[in-house]
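Per-chain numbering from 1; labels A, B, C, D and E assigned in written order.
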């Protein structure tokens, strides 16, 4: 019975042969995997020069590289969702007290608010103490190289009492710092350290602001879009092995 | 079990004891001193066996070598010895000490050379086979009171040591 | 030579005296408290050796009994001495006997 | 749930308990090469004798830059990489990733695919808990349970192998559903496994639950209160053992978990023993879920309509699932191209590991081992 | 030639241990025999532990080297001897070098007084049990030295742990031993003995193993000893000193090759040594089961068949497994080897049926069988129990076993006194 149903689904692996042939199928998957492995080395190589030569175009370069025709086709299939305003009693309360600093939005059924950097410690404190967002799920950041305020810093918060998950998002410039939220949620400690490690965003008042995943002597912050992946390796090779080309 | 080749073993163990004793007081590292002392004590236990005192020998091994010296090693490991090894080993009045010890040695030599004759040539024979039983009888008979005092002393020592060494009582 | 090969009480006594002297020298000259305590153990052992040798000489067991008591005392002495040593080390961070110059700290 | 104005001073992680005697403070470096740190975790312990005054985790030895790799792969190509994070629960990782991208694409997997996903994920939960139980018991000194759990885990791996050809890093799911139809006899084998496995849970419990030494070693060890768990962001069985009845499968159901009937086992004291009991009870609940899912396995397609070249509209989505170790979240930012602009993984192990310091303060060295074991961390996921 | 036979005969009919008889030659022969036997026992124990543990854990254990891995211990020994002997750069050379030898020496020396039979001991000492306890406590020194000399944290903590543990459990162990020794004084003269042979003879004379004496006092004392001896040998569940999940390998972390194997050898011979003490004190040493209930000559004959039957059973096991071997040319050598081993065992078994041999050997057989029982217990513990924590271990030693030991000692003394003074004035 499943076999009949299977054919209309037209899954990538067409043959429905059971048990014995499964390894063969997985072999196909493995081939796809291993096909991606060589590109692992080529992609950074391609990135490194671009990071050096033309800095702003880098982030956008991925999209134009693919055929532009594919984009409208994909868009036509599913209606493009856009963020819409998010209305709730809590949001109303917050906007009334903070005014235009908060822009509450909903995207794909998920609520988030873009807030001004100046509101940050206060608003998070209010969210935790008064609105019951007692669980800081995650703190992370996104780098937009061509924007003036280069970084989005995002707090993912959850409230056990309301069973609700929201995101707080703020935008900061490169080199700007943020106040720490460790006094608000103890668990923010490592998360903020990881943001610092990966993006170089410092958090003022953090008890132990140092790298967490990368070694202390690491140069640069890898998740920035202008980070040259080979830079660290090349430097090491040049210094320690004395090879000028770095490879 | 009669001792065999007594002179040979006596001189062997005596040499071990004296060399061990010298090592105890000359080593820089207290751990080495302690090990030398253990060797001395074990050799002395063998000498006790030659003196028909097997029970004392057993006590010597189990208490001295197995108990007290482990305590010493423990303490040496607790207190860091790195500093003391690098320091001067002998104190400032070592000359006085040596002179006093030499004088005492001279006294011993004088006494022993004078008094050679007061010691009987041949030791009296004692039965070794039930040494333990005899010691037990005396310890729990004639020496009952000292035995109890000794246990009291040990109790006091335990309490004293705990009070002294414990951080918070 | 004959006297060398025939082990008498005197031999044991001389051995005991040698150990005793070594112990005295250790106590008087060393600075490390641990080694001083070990030298005291040497002295006690020298005494024990004499006691057991005398016990053998007279064919009685009193000497051995006394030796056992001395071993008991040695255990007590070691426990208290090392306890003091630890307390001392904790306060002064040294095991140098020259610095034990206060009755109270 | 918590007093919002409560002081967090008891969780002050930076001021160490002042030892009476500094000279006796011993700093021990445990790991990264150590048999009980479950990989390459390095813990710097400050000890007073055997008592732990504080500790610091040094992580990152297994950092492979998964998030950076994600920015240079298409959505489909990145799918196998997530298996390499929590490699003992690869299926759960894949489920989280696929569902997040599906959310971004605004598609939903067909019901049959959802059912198979639930079956495989719950089998994976059992396998992960088995591996945890074996290694945790090994840390505490009981060597035999390890072999028992591995013997039974083998049966799960066999099912995986038959289904998708891989045993550990399975890459079982695809964005939009499944690639492979289940093999013939899949349902029967899963059912056989369940009947085989149920008495085995009793066997594990027989070895450990009432074992005096086990109880002494785990009771009142590594206690963490529900409040502290929430403050630290600790999730999963650790949170539940502290008495907080929270499971994403119930709280915010994903896949089709809302169709299944199961309980959330919780503990009371939040100690190592409770965490053990909770995980064992979770294995039983997983068995229940799988049973229902296999019974009700619907017919139908296994793949939703997804474009061959995936280009989600620009936007960002956070989606999380209840992995065996806690909340596993993916935050994906799309710029409308074929590659994610940013992939953020919220790993449960990483956040849970933060609680190690709180749980170990004032305990003994041997308890640190027990607590590391009971947190159930996988360094591949901590370091990514 | 005839003289040699005569000499051996004269010895065989002797009723003294060679040490007691002052017979240096036979003492040396015995030393060779005991230490040779001990080494074989340790090797066999190595194989058995791995095999039994493996079967407890649903796996096979060594199967590659020799049939059913029988040659595995020998391969291991060769590997260990050929391995590089590493000494840490900052280690204290002399102490590091000496430590394993002290441990081995302490573990081996105790066998001087172990009585495998009324005449099968190297010597019989007046202070036998005291000697055993004292010398076995010397191994603490070696462990402390090893831990300290390695100049590394894990060995140091391991050494401190294990020495604290051994010293603590010695107390409870001593109390249990004393209560057994008290039982030896229940004779006409009212004097007990510390001699190992004397203790077994006292059990023979009283017609009762001390484990059943003053039920349940003897049993409790035995239990205390049985717990303390596991702690004393640093074995699971008291293997804190070498807790691999905490301290990697404890005091011998830094050791390798030959020196490591010395620690291994010492551990196993210490296990055998303490088991021998337990067997001697409570389980009647070399005495066969039911010496007083089934003491007719028929039963004597029946029990004298046991050694031979046991070996024949082993031989039968070998043949059974040889038959079960896969019928493949690759396994031919293994099959032949296993069958050959079975033949050897069977021949030994047949020789043991000869009355002259069986009379001399059955003491040793019963002693060894009892010790083997303890060895199995050790393996069983290891397969079953998790590990105690250090404070729990200390608590158990000082707060449970020590008061129990004191209570048993006092009660035993009281009952013994009553028996002597009131029931049998």
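One rule holds in what follows: contacts are C-beta pairs under 8 Å (C-beta built on N, C-alpha and C of every residue); 3 or more make two chains touch, one makes a residue touch a chain.
Keep in mind it's a predicted model, so treat the numbers as computed, not measured.
Chemist: If every step must land on a chain the current one touches, say how few steps get you from chain A to chain D.
Modeler: 1
Chemist: Hey, which chain ends up farthest from chain B, C-alpha centres compared?
Modeler: The most distant chain relative to chain B turns out to be A.
Chemist: More contacting C-beta pairs: B-E or B-C?
Modeler: B-C
Chemist: Between chain B and chain E, tell me the centre distance in angstrom, where each centre is the average of that chain's C-alpha atoms.
Modeler: 32
Chemist: Measuring from the mean C-alpha position of chain A to the mean C-alpha position of chain B, what distance in angstrom results?
Modeler: 74
Chemist: Can you give the whole-Å distance between the Cα centres of chain D and chain E?
Modeler: 46
Chemist: Starting from the mean Cα coordinates of chain A and chain E, work out the distance between those two points in Å.
Modeler: Averaging C-alpha atoms per chain gives centres 64 Å apart.
Chemist: Using the touch rule from the top of the page, what residues of chain A touch 2 or more other chains?
Modeler: none
Chemist: Going through chain B residue by residue, note those that touch at least 2 other chains and give them in order.
Modeler: 55, 59, 67, 131, 167 - these are the residues of chain B that touch more than one other chain.
Chemist: If a residue has to touch 2 or more other chains to count, which residues of chain D qualify?
Modeler: Residues 21, 23 of chain D touch two or more partner chains.
Chemist: Which positions of chain B touch chain E when the two form their complex?
Modeler: 1-2, 4, 29, 31-32, 35, 38, 54-55, 57-59, 61-62, 65-67, 69-70, 73-74, 77, 128-133
Chemist: What does chain E use to touch chain D in their complex?
Modeler: 53, 56-59, 153-154, 157, 236-237, 239-240, 243-246, 248, 382-392
Chemist: Considering the complex alone, what residue numbers of chain E touch chain B?
Modeler: 19-20, 22, 24, 92, 94-95, 98, 123, 125-127, 130-131, 133-135, 137-138, 140-141, 144-145, 148, 156, 160, 163-164, 167, 170, 191-194
Chemist: Which chain B residues qualify as touching chain C in the complex?
Modeler: 6-7, 10, 14, 17-18, 21-22, 24-25, 27, 30, 33-34, 37, 40-41, 44, 47-48, 50-53, 55-56, 59-60, 63-64, 67-68, 71-72, 75-76, 78-79, 81, 83-84, 87-94, 96-98, 100-101, 104-105, 108, 112, 116, 119-126, 131, 134-135, 138-139, 143, 146, 150, 153-154, 156-158, 160-165, 167
Chemist: Within their complex, state which residues of chain D touch chain E.
Modeler: Residue list for chain D touching chain E: 26, 28-29, 34-36, 50, 137-144, 146-148, 151, 207-208, 211, 213-214, 216-217, 364-367, 369.
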